[in-house]
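For reference, chains read A, B, C and D in written order, and residue numbers begin at 1 within each chain.
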Amino acid sequence: MTLHLILLAIALTGVSGLLALLVPRAHGARVATATLLVGATAGAAGAVLALRGEAVRRAWPWAVPGGALSFRVDGLAAMFLLQIFVIAALGAIYGVGYFSDEQQPQHARKVRAFYGLTTAGMSLLVASANAVLFLVGWEVMALAAFMLVSTDDEDPVARHAGLVYLLSTRVGTLCLIAYFALLRSVTGSFSLDVAALDAARPVSTALFALALAAFGLKAGVMPLHIWLPGAHANAPSHVSALMSGVLIKMGIYGIVRAVSLFVAPPVWWGGLVLSLGIASAVLGVLFAIGQHDLKRLLAYHSVENIGIILMGLGVAMLGRAFGDETLFVLGAAGALLHTWNHGIFKALLFLSAGSAVHAAGTREIDRLGGLSKKMPATAGAFAVGAIAICGLPPLNGFVSELLVYLGLARACAATPGPLFAAGAIGAPALALVGALAVACFVKAYGAVFLGEPRTEAARHVHESGPAMLGPMATLAVLCVLIGVGPVLVAPALDRALVSIGGSGAPVRSAAPLSLLTWIGAPLLFVIAIGVIWAYRRRVASRAQPTWDCGYAAGTARMQYTSSSFAEIIVGLFSTVLRPERSAPKIDALFPAASHFHSHVPEVVLDRAIAPTFRVTGRALASLRWMQRGSVHLYVVYVFAALVLALLVFR
Amino acid sequence: MSSAVDPVLVLVLLLNFYVVGTSRLHAVINGVALQGAVLGVLALLVHSGSVLSVLVALATILLKGLLMPMMLRRAMREASIRREVEPFIDYVPSLLAVAVATGASFAFARRLPLAPQHVGSLLVPASLATVGTGFLVLATRRKAITQAAGYVVLENGVFVLGVGLLEAMPFLVEVGVLLDLFVAIFVMGIIIYQVNREFASLDTARLSNLKE
Amino acid sequence: MSTVDTALHVALTLVAPPMLLGVVNKTKAAFAGRVGPPLLQPYYDLARLSRKGMVFSSTTTWVFVAGPVVALVTTLAAAVLVPFGARGAALSFAGDMILFAYLFGLGRFFTVAAALDTGSAFEGMGGAREATFSVLAEPALFLGLMVLVRLSGTSSLSTMLGPGLAHHWGVMGASLVMVVASFVVVLLVESSRVPFDDPNTHLELTMIHEVMVLDHSGPLFGVVLYGAAMKLFVLGALVVRLVLPMDTAHAWSDWGLFALGMIGLSIGIGVVESVMARLRMRQVPNLLVGACLLSAFGIVLLAR
Amino acid sequence: MAYALVLIPVLFAIVAAAIRSDRVRPWVLTAAGAVQGLAVVRALTMPAVAGLEGWLVLDGPGRLVMGLTSALFFACALYAPGYLRQRSDRPNRVFVTCLLLLDAMLMLLAEAHHLGLMWVALEAATLSAAPLLTFNRNQRSLEATWKYLLIGGVGVALALLGSLFLAYSELQAELEPSLLFGVLLEQAPHLSKPWLHAAFVILFIGYGTKMGLAPMHTWKPDAYGEAPGIVGAMLAGGVTNGAFLAIVRFDRICQAAGDGKFAQELMLVMGLLSMGLAGAFMARQRDYKRMLAYSSVEHMGILVVGLGIGGAGVFGSMLHMINNGLTKGVLFLSAANIHRAFGSKNVEDVSGALRRVPASGALFLAGFFAVTGSPPFGPFLSELTIVRAAFAAGRYGVAAAFLVMLAVVFVGMGSAVVSIAQGSPSQHAQSTTFRDELGTVAPIALCLAVVLMLGVWVPPPLERLLGDVAISLGGAR
């Protein structure tokens, strides 16, 4: 039953958009969305069943070399499946309002088709227990997502973003192929449901490295994140939500699966994952602060949150390495819960950002402002997402970060040196990340939704319709629900931990989850009472313009912009961020009108990858003389090949 | 196997030098034609007297000694050119190169053990040296006609060995091979004709528009 | 922890904070050779503000009023988690130190958002500074907390600052000294005191906290001031317990010791504010990084 | 049956030559494709097809090549009428006739079980393709044809030399000289080693030239770049595989002689070299038809690498031959449509193919994904099989190099294909008359459908055949 529901969901979501191509345009959106919703509901039901029952395994023969239609839905898979289906469904509903045929006659059908395919690809790979099947799901997801990223292919920026994504994802896929082929040479089959491997063999290290590269690229681990900002920024917002919310998590899923193949991973594996996590988290949030593009900013936060997830995973691996089950539980539960949480609040943020961008027609933060008066629901949703992503209580982000923190603290207090180092470095790093995230999101929220509108376009916005607000509200409620009642999700986490080699120790025994309800609920209540009290006082009071310190000619453009807000932090970390500024030199007493421009580039892509490509391209181009049109030279090649081959191979 | 085989093979080798050493296209074509005819004789000598060898010899002399040179001469007339100009390797160095190729062929042939009936013969080195000469002409001469002639030399080199293997290559194949070669030269002739018309030149060094 | 203690804990949190400000101001007055305002002047101020009407900027939204309220409520919630001297906290569990720190984060989010809500360049500037400096203060705090975690083997504030602390002072005094120094810096920056901020000036360009609340008025401004005082009190309690790790075994003497510690701390702050000038804004990050390094050294010392 | 397979296209060629109307003639191709398709299906279902006293034997590899060639020819034959109607400015008598002759020679090549006959078939195929290349009658196509003839001729000459060497290896070992594969295989263990080795090397270089392995590939970009798409498809999917079939047979003789290792090393080196050079030349390639030619070079490299790895690699290589051949059909034919629509084969002039010719553009893009080994298309399975064979054989270096080359190729090809497919078409492109129509799109879609099918379902008979071939070549399933 469970598996059938999920297979039905894969099939329905996959064909949803294609089916819609067969019906008249007017009904396309309805058919596609309805099919996808039915599929997603079935899938979500299946995932919930799987989270409550035993792991499901089933295999059918498949006439493909090395392939088998073999499926496995255990706790871990079910967790990811549930996330996929919920967010895909909400995104699809949102898409009805956001990306309708009327507004996007050229693209709407295409986007629906590939949206469904992406969803199906993801759920297929998660449910599969065979490498070939996994790769099929993986690449369907990756290529469909490429089509989604380059939806607006007439815009060169979007096209470039699509290309960067396409090239990166292929490099990842090739690593993945190497990984599975190597795994097969160890286990003798393409089955992914394999008995525990010995981590001490050299081949295991290679496996781990390949998995980390392949899945890390998809997850967007620093410095493999190069494709991510452009892709998330340029895709339609519900696609960004799907990609950032669940697609990059497929990388996490892969890493978790890869690591759990081994009984006791060496200490340095955990250390490496933790370090990568710290690097991603810190650098991700730093780059986010420097962005002017709202969706790019959110994209960098995906890098950050992937970092936090990896930190949890690193802690879990260290726990494994030292045989500390509690540490494993804390780290793994933190990582997995954060995977869910990030999916929820990042989707919420992208959807609400999309709503704002849709209304105002620009992604430039410094051209927005004051939207919350016209779009209170969107603003509220964004605020909930922002608080959640900063990991602040009493929302869901805090719960998962707390688990990671508890793991780090436990590590810090433990005897072995590596654990102590992990905790002593990890916890303050996470604190730094938290504070940076607050700075970044208060900036984004403030600059976009608060204050006065900076442009006319931002002044004349209006609130989105129910199709868009509904999914946002649902996600916001989920943020609060998991934040205030984390015990609700604890059984799912327990189930998932068992499927990756946990001993069955419940998360609740390792962390004070139920206490969070007793703190969170009153906190929310008191804050609500206080704010309502203050707001009622406000309604009864006088209103005047903001105090302008006596300067009478203030304009909306004199507000503190997001760039100015971030200026000090960007300056503090300029060694990494390498901000570019072009400031006019003002030397006259009455200077003419002028421009100031600042920009934080994608350092890894612009300073490392792109130059490497240029140099390599030039080096390869220097081989061009070989094929310069001279048939005489070509004859020489044949002769040389003949003579050399005769001499070498005899 | 007749004792006259080796002198004939030496003639083949000498013709290599002749073809490489001259700039006049007439001389090149004549050299190639003579080489072809000599191969026909060779076939007779190697398998003295069998019907098969007579037929092959006749076919060879007809095709390689008469028809192919005719085609080339016609192309030459159409294009009204007489001399090869500025080869990529000049004539004297070319002669030296052929000498080196011949030496190398002898050295390489020592590695290949011969069948009892061929022990001591020049069959293999002569074949390889002629193939090498063919490559040299193909790679260094500018005129399409010279290149076509070089291709025939290359084929002649292959044929030297083929003659030694007449039993292994029954008549049908042998003639098929000859016919194919003929058609190849024929097609080349057509192309040469068209090239000449389109480019107003037969300098293949000018055929370098297609490149990276 | 008895019910009485809990009640006392909450009551103290609610009532005592303004008193600290009174002590600080008295100390500064004494240094300046003035009589100074009455000790209870902060209470009078709050009472006065609560009776006033309010003026709101037409630019603002509900976020503007939420700022002070959330700041106050979160501080109050954080106070419940902090041990007041040897008496422990009203509520303690594994990981409460994280909740403690993050509650302040929530407060900060709303305070800064409220500042941005006004659309004023000055308040935006203040918000940016507040957010920036906390970025550096937060790791300093956590590095210090990790020292305590390492020493005590727990992540609960009440336990790490509990009876074992005195023993750790004996063994790992050097580390703890560094933690105390680092925490004092965090305390000063978080509660906007000299040398980071001067609560007495009103020059917008030089301030952090004050400049964020330019538009708040009346009772809401009272909430702001009250919240700020409470934050000082809560963070101060942490430092006091660290410096006075004694355990007298008597409830009332424990409370007394704590009270004395808090008064001492206030006097200390007053002294600092009297003898030091406010730092130039550009040097603030350096000092905070210094605080981080101090705590980090504290950890490194433990690595032996 | 063995004769019919060759004679059917020859007869149709005669018919085509006899027909006067340029409009009617292309339909002869369609008819020939259909009739030949039926004949081939019949032949493939027969347990044994032989003729000419063992000179014609349809063995396993031959069946694969024949099936592939006829399928590809069928697609081209469906496509040809639509295409030639677009090109009504050119007489097509020579074109259609030679295309049929080429097809006939490929059929002969597939079933020739005699070294000499195979050589003759290849030479004849080479020659019958020459007039096809000059279809456009311009300087560029002439130049391409000259280079094709000259380099191809050298390759064919070497192939003959190698055949003679192989025959001499029998003579020297005092065996009954015979050029029949069956006999050669039986006698393989006794062949003279020095002659066998030299023979294999020369044959490999010779047939490798026809296959287009680097560095003997130089004619390929010129020929494919200047020829009509149909010719490109038939050359890249037909002639090259015929040459590969020959190499497969020589490899089998080497295996039977117990000298497989040496042959494998040679194939690995040349295969990786081909992949690498192809990748290098595809980077920033400005001409998309030349790019497809380099892609062909790359995939020929993959084929011999698979053969060189052995084990399951042989299986993968055989499967890849089919996948690549069909995918090349998709790519060359859709590229031809794009070429017609935009009037340029320069990447810089062509953008927005998805808007200008939506079906052709989409097929081109899908073909690109397929040829670069993206699941769920067929080439993915075959490449995966080769990679896993490399790992299983412990050839980690080869596997790593293989994957790196695939990445390089993807970067080069991907950049060009994406910029062709996406964006907005230029003014000039809007003004050309070419439009997607059923005749020029459906055959390509058919090819792609088969490629897709081979990626999600390898029909059991095909799987068995591939497995048998692999095992006969010393490989594994």
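List of remarks:
As a convention for this text, a residue touches a chain if its C-beta (ideal position, glycine included) is under 8 Å from a C-beta of that chain, and two chains touch if they have at least 3 such contacts.
A quick note: this is a predicted structure, and the numbers were derived from the prediction, not measured.
Interface comparison, B-D versus A-D: the higher number of contacting C-beta pairs is recorded for A-D. Computed from the mean C-alpha positions, the centre of chain B lies at a distance of 30 Å from the centre of chain D. Rounded to a whole number, the gap between the C-alpha centres of chain A and chain D is 43 angstrom. Between the Cα centres of chain A and chain B there is a gap of 68 Å. Each chain gets a centre from the mean of its Cα atoms; for chain A and chain C, those two points are 36 Å apart. Each of residues 624, 626-627, 631, 633, 635, 638, 646, 650 in chain A touches at least two other chains.
In chain D, the positions touching at least two other chains are 146-147, 150, 154, 194, 198, 221, 281. Touching chain pairs in this entry, ordered by label, are A-B, A-C, A-D, B-D. Across the complex, chain C is touched by residues 369-370, 372-373, 376, 379, 383, 386-387, 390-393, 398, 401-402, 405-406, 409-410, 412-413, 417, 420-421, 423-424, 427-432, 434-436, 438-439, 441-443, 445-447, 450-452, 511-512, 515, 519, 523, 526-527, 530-531, 533-535, 537-538, 541-549, 554, 556, 558-560, 564-569, 572 of chain A.
Contacts from chain D toward chain B in the complex involve residues 114, 116-117, 119-120, 123-124, 127, 130, 134, 138-140, 142-147, 149-150, 153-154, 156-157, 160-161, 164-165, 167-168, 170-172, 174, 177-179, 192, 194-195, 198, 221-222, 225-226, 281, 285. Across the complex, chain A is touched by residues 53-66, 68-70, 72-74, 77, 91, 93-95, 97-99, 101-103, 105-106, 108-109, 112-113, 115-125, 127-129, 131-132, 134-139, 141-143, 145-146, 149-150, 152-155, 204, 214-215, 218-220, 223, 285, 292, 295-296, 299, 302-303 of chain C.
Residues 111-116, 127, 131, 134-135, 138, 144, 147, 151, 154-155, 157-158, 161-162, 164-165, 167-170, 172-173, 176-177, 180, 183-184, 187-188, 191, 194-195, 198-199, 204, 207-210, 212 of chain B touch chain D in their complex. By the touch criterion stated above, chain A contacts chain D in their complex at residues 62-67, 132, 135-136, 138-140, 143, 150, 153-154, 156, 159, 162-163, 166-167, 170-171, 173-175, 177-178, 180-182, 184-185, 190, 613, 616-617, 620-621, 623-624, 626-627, 631, 633-635, 637-638, 640-642, 645-646, 649-650.
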